[in-house]
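By written order: A, B and C. Residues from 1 in each chain.
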Amino acid sequence: MGWYHHLNPVFQDVLNALGRVLLFLVPVLILVPGCIWWERRFLSWMQDRIGPNRVGNISWSKKSKLVPGFLKGKKWHLRGLLQPIADGVKLFIKEDITPSTIDRTIYFFAPAVALFPAFALGGVLPWGPNRNLTPIADVNIGVLYMLAVSSLGVYGVVLAGYASNNKYSLMGGLRSSAQLISYELAMGMSLACIVLANGSLRLTDMVQAQMAPLWGYVPFLQNWFIFTPFGFVSACIFLICMVAETNRAPFDLPEAENELIAGYHTEYSSMKFAVFFMGEYAAMFVFSGVFATVFLGGWNLLPVRWDALGHSSFVDAMVWMNTYLSPLWFFGKCAFGITTYIWIRATLPRLRYDQLMSLGWKSLLPLATGNFIVVAIWIMLTKVYGPAVGWGSSLVALFIVFGIYRAFMHGPKSKRDLEPRQIRLLDPSPRNVTLVNPEPEVTA
Amino acid sequence: MDVSQLSPANLGLFAVVGGVAALAAIGVVAFPSAVRSALCLVVNFFMLAFLYFTLNCEMLGITQIVVYTGAIMVLFLFVIMLLNLGAPQALIERRDLKWIGGGIFGLALLVVVGSQVLQPLMKVTQVKSEATFGSPQQVGLTLFSDYVYPFEIVSVLLLIGIVGSILLAKRRMQ
Amino acid sequence: MNGVPLFAYLSLGLFMFTAGVVGVIIRRNPIVIFMCIELMLNAVNLTFLAFARYMPAMIVQPRGLHSATMSGQMMVIFVMAVAAAEVAVGLGIIMAIFRLRNNIDIDEMSLLRG
């Protein structure tokens, strides 16, 4: 490919970047319908029913001349894998109803603005060790980039709610954006704990740091941050915030079908609704990718350090798999994250709006801040006294922080708030109550 | 200006990004509807973040997106939309004679400052700081060692802002 | 990015600042006036950073400040923080006034006029 080397280096960089974008974007675009299919099948399996399994079943005819010989009479049971494609076709050909009193420009741009952060977040995720292929942009502000892009996700919701010129959509949009900015804080704080422990905002550095020995000691296990005490707390907080940021159950009050019609995307039909839908699943995917990168060791397969285990052919095979099949493991971890999303959706009931805001501000943010203090204590004590004292003291500090949190949030005063409401009658003397319509006696 | 120092590709990129930012700035002032002004301001802040990236200040650029575009403008849009629920026609303005006076004043400001401040600086094209001066490590080191007192005072200021806005938002106790 | 003259950034900053000033003079909606103030603050931020890159302060040591080369970026951080606090309180004030009078036209708020 001689023409490549004759180009301006600027254009070479642009072509490189385009190639990396395609390498990431095409699998994501193919996996989003797969994610939809998996959601419907897995959700229905958890709800003890069979999901869509009819679309795509092909029975090749026995008599037609167009069918090759080895296929005559065979049945291909695709188990509903083409269902998302059928959904897409349906959404395409549906009638596009546009209300007449909308704000046209904003109505037109809101789905695009909602879709943009979902894909833009994938720009910094490393899915392999090869720096020429991934990530798309190895910026030294990787973690902050994730926070910035997820804070841009508020605009799609707000603009969609506003442009519909519909009080319920507007309220749905405003409530949803209030939820999004509340959970962004706890998410940022939990990521800040990991960044503080790591010393670098770069995501490739974060994956490298997770390939170090576990807790600094154990030579043959990897230091995935979810296995460290403060990392575990951060991971739990990040998981909850992740579910809230993508507006998924149990945080899906803004798009609850029985509360606000359909919330901020009530007035959007067919293709624009499909764009919102796709944006939600792409955001699920990418946030799972962020979780995998920061807490689950990125593109590594197992938390095992193969180079500390000597040189056998098994170890060499595992090292080869870890290096060259890394996109599989990364997308596998994303799939695990999506399964977690679906599992949570199937299990937990929807949170009421005040419960949702109280959870974000009064529970998660103080916990994340306390975790931050624990990380600071860990760093200081590890520098002065060594790793053992550091880990021990961080565990003790975690218990203290959690104890303080329990004392404040679940102490005696708040228990009083949870008791059933007491109704005091004006006249507390016992009265004989007779039914207005007593049950008629059955006469033969 | 030393023309050999200029790079046309980078100038073109600046022209595009800066042009969109300038048009958005005009849009903030010109649109009669408050929501469109706010959205133009969002575009302006976003383009400014890109300009900060070209100035090698990536930490401040991403902070611009998180703080300004992601929080402050969302707050503006909230308030505009909540007021829209109350009095939809209160936010559309009409044209006035003030526009002429304002325009003349703006032009005068542009000409005066441009001739006195910008004219002597037209020849500066050399970058005098190193490429990593805007990295998070540098900004963090400076902020927490040399500028730690202003940092603490600003955090107290933000606390005062929080308390003040909560007090303002409370309904009056009857 | 190399090859862009300082004049370009400064002229964009000046243009944005002028647009902000004209907006504050012309507009009657206090929220839009607030947004023009934010526009001015951002123009100033851009100017600070442009100077920080092209003409950074030489390393001086007044009263213990060891490195003045980063002072431009520090100013921008503080401007951003102060602007955030100002927006929060200011929008609260506007909401309170709106709740009281149901009208936010700035030309009507002339209680102190003699």
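The rule is short, and it goes like this: contacts are C-beta pairs under 8 Å (C-beta built on N, C-alpha and C of every residue); 3 or more make two chains touch, one makes a residue touch a chain.
No experiment lies behind these values; they were computed from the predicted model shown.
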| item | value |
| --- | --- |
| Chain nearest the overall C-alpha centroid of the shown protein atoms | A |
| From chain A, the most remote chain by mean C-alpha position | C |
| CA centroid of chain A to CA centroid of chain C, Å | 36 |
| Whole-Å separation of chain centres (CA-atom averages), chain A against chain B | 31 |
| Rounded Å distance, chain B centre to chain C centre (Cα mean) | 7 |
| Junction residues of chain B - those touching two or more other chains | 9, 59, 63, 71, 82 |
| Touch list for chain B against partner chain C, complex | 1, 5-11, 13-14, 18, 21-22, 25-26, 28-29, 34, 37-38, 41, 44-45, 48, 51-52, 54-57, 59-60, 63-64, 67-68, 71-72, 75-76, 79-80, 82-83, 86-87, 90-91, 93, 96, 98-99, 101-103, 105-106, 109-110, 113-114, 117-118, 121-122, 124-129, 133-134, 138-139, 142-143, 146-147, 150, 154, 157-158, 160-162, 164-165, 168-169 |
| Chain B-touching residues of chain C, taken from the complex the two chains share | 1-12, 14-23, 25-29, 31-32, 34-36, 38-39, 42, 45-46, 49-50, 52-56, 65-67, 69-70, 73-74, 76-78, 80-89, 91-96, 98, 102-105 |
| Residue numbers on chain B that touch chain A, as the complex places them | 9, 35, 39, 42, 58-59, 62-63, 65-66, 69-71, 74, 77-78, 81-82, 84-85, 135-136 |
| In the complex, chain A residues that touch chain B | 10, 103, 106, 139-141, 144-145, 147-148, 151-152, 154-155, 158-159, 161-162, 167, 170, 173-174, 177-178, 181, 184, 201 |
